[in-house]
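After this come two complexes, each holding subunit A, first together with subunit B and then together with subunit C.
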Partner chain A sequence: MKGTAAHIVRTLLLSLVTLFGVSVLIFLMLRVLPGDPARVLAGLDASAEQVDRIRAELGLDEPLLSQYWAFISGVLQGDLGVSARTSRPVALEIFARMPATLTLAVVATVIGSVVGVAAGVVAAVRRNSVVDHVISSVAMMGVSMPVYWLGLLLILLFAVTLGWLPAAGSDEPLSIVLPAATLGAFSTALVSRMTRASMLEVLGQDFIRTAQAKGAPPRTVIIRHGLRNAFIPILTVISLQFGALLGGAVLTETVFGWPGIGRLLVDSIAARDFAVVQGLVLVYALLFVLLNVFVDVLYVVVDPRIRY
Partner chain B sequence: MRAWRRFRHHPPALVGLGIIVTFLVLAFAAPLISPYDPNAQDLSAAIQGPSGSHWLGTDQLGRDIATRLMYGTRVSLLIGVLAVAIGLLVGVPLGVVAGYYGGWADMAVSRFADMLFAFTSILLALTLVAVLGVSLQNVIIAVGISVVPVIVRLVRSSVLSLREEPFVEAARGLGASDLRIIVRHVFRNALTPVLVHATLSIGVSILLAAGLGFLGLGVQSPTAEWGTMLGEGRQFIFSAPHLTAFPGIAIFLAILAFNLLGDGLRDALDPRMSTADRPTG
Partner chain C sequence: MIRSTARGRTARKRIFVALVATGVLLGACSFEEDPAAGTGGEADSTFSIAVGIDPDTLDPAGQTTTTVQNMVDYMVEPLVKMQDGQIVGVLAETVETSPDGLTIDMTLRQGVTFHDGTPFDAAAVVFNLERITDPALRVPLGSPFETMQSVTATGEHSVRIALSKPAPIFLNALTITTAGMISPASVQAEGNTNDNYQHPVGTGPYTFTSFTPGQSLTVTKFPGYWGEQPHYETVEFRVVPEAATRESLLLAGQVDMIILPPVSDLEALRNNPDVTVILGESDRSIYIALDNNDPLLSNPQVRQALNHAVDKQAIVDNVLFGAAKVMDAPMSSALFGYCSTGSYDYDPERARQLLTAAGAQGATLDLLTPSGRYVQDQQASEAIAGYLREVGLTVNVSTSDWGAFLGRVNAAPSENTVDMHLLGWAPGILDADQQMQMFRSATHPPAGLGTAFYTNPRVEELLAQADVEVNQDVREQLYCDASTTIWQDAPWIFLWTQSFPVVHSKDVTGIATTPTEKFDAVHARPAS
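On to the complex of A and B.
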């Protein structure tokens, strides 16, 4: 167990290094690349006065190092700057939109995990049957489908033609169905492919034959002996997919007008509101890094064989 | 040769290859096939459904959608191939150095890759395009950089395991230089997973670039690009769904093709990596 604790501490430290790197990278991207950073951070519509104020606030005539220090010590105190578009603190803007995105990503992950694992198991157990071919083909199409196009198709079918579900917004409880299904489709396809491959691997092992020979019911063999042992790679895909979903939400939220941080990012880029973009990149990176640490810890919990 | 035989007997991969070849033909022969200019506007013929003179109909400016899709194939394939080329040019050397030398070099390269990963590809591409400005060149650079971390990790882990192989140790024992070992023994054997992944990455890059276009941050109008066409057609989704349907089908088919081809290459070149069926028991 001591080795495990040390490994987790090491992972945490490396994550801090990664986060530090991301902060340097986004800092440099917005300041060293061509263009006047004060003007960029103030937004294109800002008056000369506003630009001068920002330049003074940021201390842009000072050396880069002290500028970075001022930036990062602000960030560590929860100060991500002020949005040029709304004049509200960036941290508040992001915080207000965060629950919508997290809800969407969680629901999409649940859809992806439940449907994906079930489909993958069925495909593996009924290998080379018609069912398997159908599931595998649909999964292949699923991983090739542009998420925004799928979203538009679902809107056309369920909102316009059938009129069953709202097309956009987040005002009704049912509003989440289409965006979550859209966002979850890719995960479902990916998880089912991974589950099928992983299950096929495990079902070929000797202990499965032993279990069958013992006369264990097929369900027990598949679930308890098969799925349990096939679960580690599946779990990895599901967890990492959650991170990808947060990113993928950028497109889904735009299609469905879902008020999350993905849409905030697109709107901020369009308005060249770079203080918000900078803050969002940091928040995304933090979420992503935390997720990776979580996956690392999860391995140890799920699979007692793994010790570091 | 055995690989080619396996590949030939892999119907999905052949379908993928067929789609890609078709796209290539359409891209190059576009001026021969279509009588229209992709950017010629004809407002009197705006938003028409598919017909004999306009096979896939016309868009909001009366431009022929089929023609624009064919010319758009050039843009999408160019972005896909060049972005992956950037990813390989930067990612392969970094991955080799990290995997072969280990130690501090590995630490530095791996943290760099982690950092790019933490950005997530779409965020990285969006931010880069936002900062650099929107143009075809910048889209290629942005998408290319987002391919880098994937290649770095892949190459690093293959080199890491190859480094311990007896044939590498033998070469080292014979006094071969690091460069010679890397080029002749390590890289050659790491090529298969890289090739498979590069193929899949072309599809991913096309998808990402089309996503940027859809958000209005990709290749700009009037240049015909699939994602931009889809994004601009979106406002007519209720009245004229064909404006979004056909570009969507094009993007879907292109990505499907590279996924099928990548899967087929993996099964053909390295049966050990295969997720396909194996005889059991």
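On to the complex of A and C.
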């Protein structure tokens, strides 16, 4: 455990370097992007003077180095700046949408993990049976189906035709069902495919035969000997998937009018709202770093052979 | 073996604890949301509208987008408004312009109070007009107010505005949301500051209640409203960016009204007995700006050829599903100063002849198009390119996101790399003035929106006269004359004026649209 603690500290320290790199990259990438933020903000009919005035207001007429310094020194003091588009503090913009994103990501990941692992285990154990083929085909559909299309179909069925669920928004408890199911469908498919493959590999090993030979009940063989040993790649897929969802699921958020950070990011890029994009990407990078550390710890819990 | 099992149990226990914790967190997250905000039992007293755009700012002075202005209009009112082409008072009772056009005297409606209880008076007008002309404040649509020299209170309920030059457009400009009246006290209250004004306090029929970015804006009836009281206690604007989802919300009965459904479904919606489709007239013209500096496109014959080559009606019918009207002038018929100037009939044979005469047969042209900004914009561009290829041209269509698009079409002539681009323009003021800006050398990029780099001395002269002409009949004729010349010069491929579709439930009535792409649903009520 001591090694693990040291590993976490080392990872966190190293991630500071990563975050610094991310901040430089996103800063530069935004400035290389074609399109003048002041013009986008001012509108097509604004005069050149108005555009210049806005550019000065945003500090975009300063040299790059001092712009970066203004950005990073603000970040170090906990100030992410002010949105050019809305005049609201960037931190406020992000944290107004974070709960929605977190809720959706967690629910979709739970659906994906529980259903996906269960389906994958069943498919592996009943290999080449009808059940396996059905699960595999459904999973294939789940992975290949565009989120957009699935989302709209679910809305048509459950909101318009049956009238059971809200079609969009996030202001009712039931609002989460459709977007989470849509997102979860993809995760489920991905996780079940990974689980099946990983389980098949493990179930073919000698120690499984040994366990069976010594008379362990099938459930114990499958869960304790099989799944536990197959779990590391599954956990990796789940955590990567969760990480991706933390960045916001733009398409799902758009279809369901879900007020998450994915849409905020896309809207802000379109509006060349540099401060918001920079702030969001940094927060996202930080979350990803923390998630990675968390998963590293989970690895040790799941597989005690792992030592850092 | 035993050791490992024990560890296994601990691990499982930990995972279980983690799962339970996640579940609790989840429960907390999803039920913490305010259930009262939904369409609950009091459905009757809430009117719910799904819109596509998330408000960037609710400060009237900061407005750019008509949809957001539309929401602000529920809370904040202007001094005057346009009605059947005439300026009529809202918060102003009378408006008197001096014969030289330099002075405007207004008397104000008495007994009007802001939502915060402070009186609406001359001081408030002075405050607001000075605010939107303050160079330190960002006022994107503020340019028409630059002619204002001073505004002074001449009494408790009267003001005088002095202009630096006659500006017939000035009164029209006072109708837009930018010039809406907010309570002077409110820029220091409700968490507002002068340059971060998020809680509007006006005189309108509804007061601001709550705004959740990316989700919804809610307003509540103002009991002290001076005018006719609206029917619904609250109005909820729900932000739903996807058109198909807005349509579903309406069909599922979860909202009362939506704007901009998918145009491909207009026909089906019209045939649906539960909803009403309003295909509102809009002043937004859609056109292909041609680079009039280009060696090839500088020849009017070539530009006329391009206009003849495209079957605009067929595109409107088949690509836009009828949600547009083919242009017959360089501006929408909704604008003051419009007159019909003719048509470029679909005539590919004539187009080929003109191209041959100009030595431009088989030329290669690039067409840049936005994607998803205007109704079926990219699809229309592809169709247009198809027609141009049929008359022997090589056309490459490309698209980019709005920021990059603006950067390319707004480049100075020396850096311009775009032969043709599709663009839409909807004047916020229903006057030819704002449309005609696009045909003047003063607005050639990077200075403004004259992205075709078109100029003609006769047009420049007519427009300069119109700028200061106080007699409206004369001014109208000047715009008509300029339009005729522009039409012949064909700096654009004149396409169509877009429609503004609004769909509402058959259970409600009292809804209309304005040509500035706004809906008028303040006095919506149940259809009995």
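Some observations on this one:
Definition applied: the second predicted complex is superposed on the first by the 257 of 308 C-alpha atoms of A that agree within 3 Å, B and C clash if a C-alpha of one lies under 4 Å from a C-alpha of the other, contacts with A are read in each partner's own complex, and residues count from 1 in each chain.
Convention: a contact is a pair of C-beta atoms (placed from the backbone, for glycine too) under 8 Å apart; a residue touches a chain by one contact, two chains touch by 3 or more.
Quick caveat, the model's predicted, so the values are computed rather than measured.
Looking at the shared chain after the overlay, A:Gly243 reaches subunit B, while subunit C stays out of its contact range. Touch criterion met: A:Thr254 reaches subunit B and subunit C at once. In the superposed model, A:Gly279 makes contact with neither subunit B nor subunit C.
When both complexes are overlaid on chain A, the residue A:Pro99 reaches subunit C alone and has no touch with subunit B. Shared-chain residue A:Leu14: touches subunit B; no touch with subunit C.
Of the two partner chains placed by the overlay, only subunit B lies in contact with A:Ala197; subunit C stays clear of it. When the two complexes are overlaid on their common chain A, residue A:Ile26 makes contact with subunit B while staying clear of subunit C.
By the touch criterion stated above, A:Ala270 is placed in contact with subunit B and with subunit C alike. Within the superposed three-chain model, A:Leu156 lies in touch with subunit B and with subunit C [touch as defined at top].
Taken together, the two structures place residues 33, 35, 40, 152, 155-156, 160, 254-255, 269-270, 272 of subunit A in contact with subunit B in one case and with subunit C in the other. Interface residues of subunit B facing subunit A in the complex, by the touch rule stated above, are 12, 111-112, 114-115, 117-123, 126-128, 130-132, 203, 207, 210-211, 214-217, 227, 230, 234, 237-238, 241, 244, 248, 251-252, 255-256, 259-260, 275, 277-278, 280-281. For subunit C in complex with subunit A, the touching residues are 4-5, 7-8, 11, 14-15, 19, 22-23, 25-26, 29-35, 37-38, 50, 54, 56-57, 59, 62, 64, 135, 138, 140-143, 195-198, 212-216, 238-242, 244-246, 248-249, 251-254, 400-408, 410, 425, 434, 437, 443, 446-449. Of all residues in subunit A, only 14, 17-19, 21-22, 25-26, 29-30, 33, 35, 40, 127-128, 140-141, 143-149, 152-153, 155-156, 160, 193, 196-197, 200, 203-204, 209, 243-244, 246-248, 250-251, 254-255, 265-266, 269-270, 272, 274, 277, 280-281, 284-285, 288-289 touch subunit B in the complex they form.
Interface residues of subunit A facing subunit C in the complex, by the touch rule stated above, are 33-37, 39-48, 50-51, 53-54, 57, 82, 85-88, 93, 96-97, 99-100, 102-103, 106-107, 110, 152, 155-156, 159-160, 163, 166-173, 175-176, 224, 228, 254-257, 259-260, 263-264, 267, 269-272, 301-302, 304.
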